[in-house]
Amino acid sequence: MAAPKKALRTDEMVLSMGPQHPSTHGVLRLELKTDGEVVEEAIPHIGYLHRNFEKHAESLPYFQIIPYTDRMDYIAAMNNELGFVLAVEKLMELGGKPIEIPEKAQYIRVVVCEMNRIASHLLAFGTYGMDIGALTPFLYAFRDRETILGLFEDICGARLLYNYIRFGGVSRDLTPDFHHKLRRFLSKFEKNIDTYNTLLTNNKIFLERTKGVAVVSVDEAVQYGWTGPNLRGSGMKWDLRKDEPYSIYDRFDFEIPVGETGDCWDRYKVRMDEMRESVRIVRQALDQMEENGLLDDPNYAAKVSAKLRPPVGEVYFRTETPRGDLGYYIQSDGTNVPSRVKVRSPCFTALSAMRKLSRGLLVADIIAIIGSIDIVMGEIDR
Amino acid sequence: MKHPIETAAEHIRATAAEATETLNLGGAWPAGLPLETVILLALAVIGIISVTVVAGIPIVLVLMERKVSAYFQNRLGPTRVGPWGLLVTLADGIKLIFKEDMVPPTSDRKLFRLAPYVVFAASFAVVAVIPPFQSTVIGNMDLGLFLYLAISSLIVLGIIMAGWASNSKYSLFGALRAAAQIVSYEIPLGLAVLMIVMTTGTLNMQHLVMDQADGIHAWYMFRHPFLFIGAFIYFISAVAEVNRTPFDLPEAESEIVAGFHTEYSGIRFAYFFLAEYANAFIVSAICATLFLGGWAAPFPFLSGVPGIVWFLGKTMFLVFIMMWMRWTLPRVRVDQLMSLCWKYFLPISFVNILGTGVLALLEREEIGAQLGGLFLSADAVSWIAFPFILALLGWIAHSGTEPVRRPS
Amino acid sequence: MTAEEIKNVLSERLGGETVVELLESDADGETVYDPPQIVVEAARIAEAALICRDEDSLRFDSLMSLGAVDNGECLTVLYHLHSMTHRHKIALRADVPRAEASVPTVEQVWKTANWHEREAGELMGIEFEGHSDPRPLLLPENWEGHPLRKDYVVQEYYKGMKVPY
């Protein structure tokens, strides 16, 4: 049927947001179908950073895969390493050839992972502020993040991609003044969190922008495979560190912050609260290390052969990274090269719900959602 | 009847001749030149001088913004160019001038090239009506305030031109947001200005300031509660009018990259940039003039201090508040922006207008003198009623807060 | 629930021939399966998935991971399941022949499977029957071959650009 000639022809406008865009957190491209400011649908297009980590892993000895895991979630590389290392160690253990990990290494792993969690959440906090339009929190967050990265530089020489956690322990011992510096940072940082909450979390405009936007129920979150702070934001108390304790997380006393409604603000708030809990864990770890005289213990890694040969078999192991459950599926054929490594990335599943979440929201809300699920494209594309 | 240009030329020539005589240059210079040359020369000289002076404002403001933001964010800000980084904006400007002037091939070239000048000219023209000190105002006209409202509305035209001509979706988004925003906030802004006009009955900016010259109690902001609220409405609307955070939606970089000037580069971008800061200065200056007494000293014993100090001091204070807001607050969303304007500011402005009218009436009519004169002046009574007025406004504002229903 | 019990529930509902076998770690550590895997006939994997999700005693409400593995003669799709209610884990395993690799989609069972299947589909070359949106996810459109297959050879040119460097 032909429309009347004089009538204005209206059509939805397709706006290609990204891959180069200030707030798509990397190289995400969103195909926005917009009707004015209202977004009918946002279709994520990913893969711009795809380099097929899984294929790389199939041709590398286990040891050499660790640096590649760093490059997935480059904001929280320690946590990625820990996941992979623990998966392989689990494989060894089930195969009857367990690697004895020194106590000190266990503590160091927890400390660096929780520090990295803080650094990651700080980045999420800062960039979320930027996404919403407040530019100052970003600089504040980076001030603290710099301290953490500086400490990492002290212990392993790298600020972003550490290659620090190894099979049987860690690659280097802590520096003698590490725990002093860390404690000084923690006490300063705890006060800073209050500042951040005043500056951004409880800001009226920020609340207006994030409260009630993109509400995800628990069922929906589980259906979409959401994990980590995103799932907890919906109100589900689920944290692998508590529910399936790995490493030595069962030795620490900490809370799992959860949200109430599952909107953007809840997801954001969970991260803010989690930083406090991480501070608690790091403090306890340092205390326990001191009590057990581990700080001066020279034994920070077990001797593990460079030609590590796990038994034949398949293992799926997941750990709690700052973004959620990071799962490694490793299939070993008994040689020193895995025959298949599959990564289940938390951001990947979080982003897959984007299309559903975005319906009928405004363009500005899309930015609020992307920031609130805290994605890292390196991990999504792998 | 003579052609207006000829009249103007004669006027200029006469002035020039007078000046020559006064300066004793011998009288040979202007008379020998043809008419058009004199006009052009005169215009060029005036133009260069005023643009240089006026362009100095945003250059200072840009530096100020960078320094202020730096100290807000635990940074140092620019330190390299010149002492304390003072020359950095100049260096930036020179860099922008030398940059390639890129015009997107798919754009509407003429409009694209014209748009920055429209914005620039419109924002700078308003400077003419602001009285910086007691004796001088560039254009001392009886319709000064009206001219300000009229010309500043032209800015949005330039922005829409830029957004449309760029032929980019982000630019279009920015332009449409700007149009909606500026046109909407023009209304509460205009109503706030109208209150002043109602109180004083003049549109001449210089007269407005002179009316406030008695001291801080005579400033319009503190005349009576409605004007007190009006001052806030004016300032917030003005912030929205010049697209600064939390109302910087037309150029929200995290959403639509750079909004209407996404496709601009080099000196054309610099024009937008300068205009933006000039605007921030101008609305602050107008706010200072209208509500805070302009060049008038706050207390009579301070009247020895030159007026320009007070004028710049008040203006810069307001500019600083704008910067403070920008580096502290997040950005509002489109629907929140609109609801703030239409559901809160507009009703409150109407109540303000009503209140101002009643007060003006009381002051003028005999009943006012009889009623209020028993105890206090009408203004004083209204200050006593201030909490009730605030409560009333709060009630009005609150009644508009049913949650915005958005399709899901 | 132990893996054995889960397998029994499944074979009760689907019939013994559909649920082929249960793969568990050896006691002596020769071969390791963690979590244990239940091999299910590929054509009926969607039904098995639905039972896993809805059966009260199973309640596998969370699909942890969906991945494909190249096992030489056959391709394997692995569904790692976890129950938030009962806190138990299992992996479903579907083996498909290399030549016509195709399994039913489980997208309607767990929404997160949508992207996982798209990823497995393009990287391993498995067709997920009935998938609502089978476009490539990570690879560019019209990329040739399936990179995660063991016999994958990189194409020489992609849109005129030389690929192997």
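Before moving on, here are some points about what is shown:
By letter and in written order, the chains are A, B and C; residue numbering begins at 1 in each of them.
Rule of thumb we're sticking to: a contact is a pair of C-beta atoms (placed from the backbone, for glycine too) under 8 Å apart; a residue touches a chain by one contact, two chains touch by 3 or more.
Here the structure is a predicted model, which is why all the values come from computation and not from measurement.
Comparing chain C-alpha centroids with the centroid of the full set of protein C-alpha atoms picks out A as the closest. Among the remaining chains, the Cα-based centre furthest from that of chain B is the centre of C. Centroid to centroid, with C-alpha atoms defining each point, chain A and chain C lie 25 Å apart. For the pair chain B and chain C, the distance between C-alpha centroids works out to 64 Å. Rounded to whole angstrom units, the spacing between the C-alpha centres of chain A and chain B is 46. Residues 13, 15-16, 21-23, 36-38, 129-136, 139-140, 143, 199-200, 203, 205-206, 208-209, 212, 359-365, 367 of chain A are the ones that touch chain B when the two sit in their complex.
Interface residues of chain A facing chain C in the complex, by the touch rule stated above, are 46-47, 50, 52, 54-55, 90-91, 94-97, 222-225, 236, 238, 243, 310-318, 325, 327, 329, 331-332, 340, 342, 344, 348-349, 351-353, 356, 381-382. Partner chain A is touched in their complex by these residues of chain C: 25, 28-35, 37, 61-65, 67, 69-70, 78, 80, 84, 87, 91, 110-112, 114-116, 119, 123, 136-140, 147-148, 152.
Residue ranges on chain B touching chain A, taken from their complex, read 69, 72-75, 169-170, 173, 176-177, 245-246, 248-249, 252-257, 327-336, 403, 406-408.
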